[in-house]
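The two complexes that follow have chain A in common; it is paired with chain B in the first and with chain C in the second.
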Partner chain A sequence: MKRLLIALTFILLLTGCWNYRELNDYAIATGMAIDYEDGEYEVSLLFTNGSKKEDEDTQVTVTSEKGKTIYEAIKNISLSMPKEIYISHLSVIVFSEDMAIHGITPALDYLLREPQSHQNFYLIVAKDTKAKDTLTILTPLADYPSQNITANIKITEKLQGRITNASFNNFVSKILQKGVNPITNSIIIVGNEEEGTKKEEQENSVASAYTKLDTLGLFKNDKLIGWTTMEESIGINMLLGDVNILYLNIPCGNNNMVITSTSYKVKNNIDKNKVTVNINANGMIKEVGCSVNLEDPKTIKEYEQKAEEKMKEYIDMGIEKAKSLKTDIFGYGNMIYRKYPNYFNSIKDWDEIFPNLEIDVNVEFTLAHKGSLEQTIGEFTK
Partner chain B sequence: MHPMVSRIKKRLGNSTDIVDRQINNITYIYLESVSSDDKVSNFLNKSITKINNFDDLLIRLENSIYNSHITTLNDLEECYYYLASGYTCLFIKGYTKYIAIETKTKLDRGITESSSEPLIRGPKDSFTENHAINIGLIRKRIKDPNLWIEETKIGRRTKTKVSVIYIKDIAQSRHIKMIKKHLSNIDIDGIIDSGYIRDYLENKQKTSFPKMISTERPDLTCQNLLNGKIVILVENSPIVLVLPATLDDFLKSSEDYYQKSINATFSRILRYIAFFVTILTPALYIALMTFNQEMIPDQLLISLAGQRSQVPFPTFVEVLIFIITFEILREADIRSPSVAGASMSIVGALVLGDAAVAAGIVSPIVIIVVAITSICELVFSDMDMANAIRQWRLIFIFSTIFTGIIGIVVAGIVLIIKLCSIESLNTPYLIPFSPLNINIIKDSIFLVPANKRTKRPDYITNNIKKAGES
Partner chain C sequence: MRKDLGYTALAYFIFRSAFIGISSVSLITLTQQDSWISILIAFLIGFIPILLFYKIANIKDDLNILEKIDYSFPNFGKYLKIILGLAIFSLVLLNFWNLTNLIISQFLSNTPTIVISISLIIPIIYLISKSNVVIARTGLILFFFTALFWILSAAGLLNKFQFDNLMPILEYNPLKGVIPYISYNILPIFTLLIFPNKHIKKSLFTGYLVAMSSLFIVTLFIIAVLGIDLATIFQYPEFHILKLVFEGFVTYRLENMLATQWIFDIFIFSSIGLKFCNEAFNIKRIYIFPIILILLNSVVFKNNTIANKLLTYCFPYIIPIFLFLIPLIIYIKLKRKNSENIS
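Take a look at the complex of A and B:
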């Protein structure tokens, strides 16, 4: 009993963990948006509180305040809050384009330093719109906007080659490593923003506004320096190996044939001035709009070659873009640093050297499946 | 009238159930409340006419009454025990020694089904209040001559028979010696149930966990006897005590051995899960809700926040209110007559479940937490085990109120230390897990098929071989 009492006394002395809070005292922030204008940060927080009655939906509010620092802006928000702001459950952080161009270091530092921050959220840049607005669009398929955006990234990233997995940890680790620069996804608003913020929006069968994932944003350290096109995004993701399902439209007759990848592997051979990238992919046919004889191995061979060319085309566009912006988003510099640390350290600015790096890409594509249909419909009806 | 008879009557305060009668030189006396009038009149009256000599009487009785126990006594003090046990005492003029002959009436209910430890598949009988029947229920299952029964009488006034039963060549003699020593040290006014002596059998360690199995199932008792455990049977009590006991014993059921072993393993794993769930759930809920919210997934947290928003009390108050209410409801359910059961369940389900949420006193999730906790508690049929679990659940809750998850960890360490330090007849309570014993694990959380279980637990017995080739 005496020992038990001593043990209990130690518990009381361990005040570092003394943070009793009722859930009622917290305003749970699930999304954060940061805009930058005239030297001031405007931080918007999306608060999500569960419904009080069983048959009501989740209630969301977006509150924003300005401040010279991000912390100040958040403290300014708390002036209007009846509850303590709780950011452990942030799931997405949206930066405006201005903020991203200005540099997102202050936000990154705050989020890394704050003990409450959980650091497993996505970073995304709002394109052609205020970052705040992306957090206000309600959709019927998700309970609240931040859930909508995160689930959108998480799921689409697996189903498409165009979206990258830009989680906070991923992003920060790329900034901290030598010879690699980060990329993020971008988000746009389609439709009438004002209408989209209304509660009835969740009951409309046709959404008047919705958010949509767009092309990639290329960073140099913490600053956004350019946007890609769709094709460039695919190429970049292919080189990064960040492709789960890739789809290619290949011209065939008057129409197109869609080929998707089922397995995808990238192997890099690093040399001081040359990188050889070997890509090995298997794929299947998804849609054929023309009449070709798929039972003929020659046809298959032909389209395999076309797919390889198409992939190369995308990759070249991606490389071209990165080189023109002088940002090594592929991390080849990092790979060279690991293999030849002395050589890399002798280089002053890797990003200046990067455009001259020779990137040799070999693509090998095998068309392994034709789906449930062995032949094309055109061939059948002949 | 024989002078001793009048002394007896005086000593018994002329109680109304004394019957005495004189036939010639013979006086007999019995208590009609515990004796059968039929037996007295049919056998005795017919046998004892016209006899003056003590030895003649004894011979006559022994020759004419075959199925009753007959004994010769000298000491008058002994007479009271025999009278209360349903004997008739016969006195002959001129002799101080006398004869006691058994004329017991049946004061027992028959062998019924076990109500507190029901089984789906397996023997249905259970112990009764009759000592001889209870011994018989064991004897008929184990016909080994090594099944030894030692009887003592304990209780100054009740003079209750207490039998120590064991299988001589399996049970360890030091265990038997220890139990006998404990029993001989008992100085008590009366023993009404086996529960009266259990405190004497435990050593001085303070713990709420039971150190002996109490059961009313003869099959479970015999399973334990065969493993070398020692059984204590108390007269007038349908509950027998089995020693030594380990934590593992309370997570077993006798039914496990009547099923396919793989299915029994599954049930046992469930019981182990239930053990931890019922102790930890409310504490874990409080810790997550008030200290470590970051551990709850986003959507669940938001839903919980919505449920909590209308409750004005702190989370632990909410949990305590509901747990205490449930315990009271349970206590009331046990004590109340079965006719009140229906109204009880209506009050329980409607008032506690639905109305409490609607009134904003508790949030729905707390009802789920308490429901899971109490359902898992019902897995343990042993009352003492359930009480120990209840006590530790509260300890966990209180340590969590102040420090969250750290409180759970600290209380968990204390619980493990506590369990490790318990000994029942010098047997570690956490065996086979601590100290680790692979041989016994085969019949603890897992149950290997019967043909692989060839050894008895070596912590109870030195004679561990029970089947198969050597």
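Take a look at the complex of A and C:
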């Protein structure tokens, strides 16, 4: 009898059925956009498992609601949902420019505190458009807009030096750490936004609208304080070592030569008032639009120097931008804190000191490869 | 199975039991990025209580600690056992509260505490109803899983390890974290003496070395991977770090499986602690303490804020009174009594 009772208790308690939910009971959100207007947050969630009734229906649904807090806005969304909102699969959070300028701490707090949030997503700021709109643009190459944005960031980060690694954890830890401020990528919409939301967009060979990654947003703590140009973005990423493949357009005759980096290393030497950055990169020629003798070591040397100058030019632009906005996005303050904690702690406001920090950059570029050709076509046909 | 392997596994779990959410939080709060230095210092000082417990285990090694108390304190031994039983029960309560809190905050936020408590207590009651050999064997089996999860976690986080995050060294006083660490992660091993002491002598030292190494590496990873700032704001940084294991590589979302290593730690300690209480109070109905545990579990702390304050600034200084001073008195008396009997 005793054993039977124990067995029954086990059956009742350990079946795994307590509080269970079917997958169909959940509305799975894969993207979140947060706009800020008139003191209220407008949260939009992109759901990817809506019921598909007919062919003309899209698989994705974007639902928005406003609220005084992020949580309230999400709860307001659930008022119109026949399913429970599930945010564990979020892959991207898009903030509007207004929201980023206002400060994104409330959103970060919610996303860190909520047990359902997996914190494995990208943060991005929508430039010149509502954050919500970026989640509604359909493209033929990806099933969901959130998937499109996430894959775009991942691939571009690997293939170009323009994009930064703005993962959630990376961003939050930069806000929390001493002597460093975060940066994010931005996204813009190109084309006709309204047309871009239609299902036919996924079948068109020419997209009416698409989302495109743009320049970097510079923050001071949790607030956006400025945008970079593309050159400044490259310079900033070069200093951060956030460069997998870098490409440089070097003037060559009346045209350009494209050089890409194949390996890239940054080493910082930190002193109290001076930072020396040593950059060592190897590269290869990707495209030559002029006639130069690539068999001549002097030519190679000349273009190595030009590449170094170009890199320094971008880097100087990046440094100038950060200094003009008084935001240490490179984390030199943090490096000084780690090396000289007492000195750093004696400084009241690092961001005021940062513009006067001497940053000495040395670039060494080796043009190691020329691709599949040894010589340029122009030089060969001379 | 070699018996001492099972007891080594049990020792490993006991040493680690109060780390997640209790001593790790105290360490990080008090000593920030110097927490790993605190662990090193605590490890060295910790040999003193370990040696004390080893010495106790060595005298009349066919008896367990409660029988030794009866032997050395024939008159008021039962009162001493009650005091020790209550102290151990309080520690079990802390750990059990921590376990249910972890489960509610990270896994089952909509499930009532009582349901979680009952689900956890049933296997604990079942385990303590079994013989010592079965308990040790269970410990060994769980240890294999824990070791696998630990290795997977470390391997999956290796590429995210940033030495820079450990700097600056000695900005905080690492000595501040030593007492909490010893109180929560070393002294509770006293409960292992509930088993006949001839089996556990080797286990004390082997378990100590293995568990301390594992906790030292976990702490290093927490600080070096998350960074001290992020580690400080999380309630369970050990759990959050697991979210990054193999992120974007082989697979992801392994944290729920890998976190069971922490659940096993508390499960084993709670089982042994409750076994200690049952025997200290000489209670034959093994479900009485578990029921009290479930009832107190919902009311022990009004909220997490109060709990964190008490766990960091109060309890670490009370625990050594019961788990170091009293054992020291027991050892002195036991040694005297033993030498009297021999002579």
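The rule is simple: the second predicted complex is superposed on the first by the 354 of 382 C-alpha atoms of A that agree within 3 Å, B and C clash if a C-alpha of one lies under 4 Å from a C-alpha of the other, contacts with A are read in each partner's own complex, and residues count from 1 in each chain.
FYI, contacts are C-beta pairs under 8 Å (C-beta built on N, C-alpha and C of every residue); 3 or more make two chains touch, one makes a residue touch a chain.
Quick caveat, the model's predicted, so the values are computed rather than measured.
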Chain B versus chain C as contact partner of A:G39, first or second or both or neither: neither
Partner chain(s) touched by A:Y337 [first = chain B, second = chain C, both, neither]: second
Which of chain B and chain C A:V172 touches, first, second, both or neither: second
Winner by number of chain A residues touched, once chain B and chain C are compared: B
Partner chain in contact with A:P82 - chain B first, chain C second, else both or neither: neither
Contacts of A:Q147 with chain B and chain C, given as first, second, both or neither: first
Contacts of A:H118 with chain B and chain C, given as first, second, both or neither: both
First, second, both or neither for A:T30, with chain B first and chain C second: first
Which of chain B and chain C A:P297 touches, first, second, both or neither: neither
Where chain A meets both chain C and chain B, residue numbers: 10, 14, 18-19, 116, 118
In the complex, chain A residues that touch chain B: 1, 4, 7-8, 10-12, 14, 17-24, 26, 28, 30, 48-52, 58, 86, 88-89, 91, 116, 118, 143-144, 147
Residues of chain A defined as touching chain C within the complex: 6, 9-10, 13-14, 18-19, 112, 115-116, 118-120, 169, 172-173, 176-177, 335, 337-339, 341
Chain C - residues contacting chain A, complex: 105-111, 115, 118-119, 122, 126, 164, 167-168, 171, 226-227, 229-230, 233-234, 240, 243-244, 247, 252-253
Of all residues in chain B, those that touch chain A in their complex: 206, 289-291, 293-294, 298-299, 301-311, 314-315, 399, 402-404, 406-407, 410, 413-414
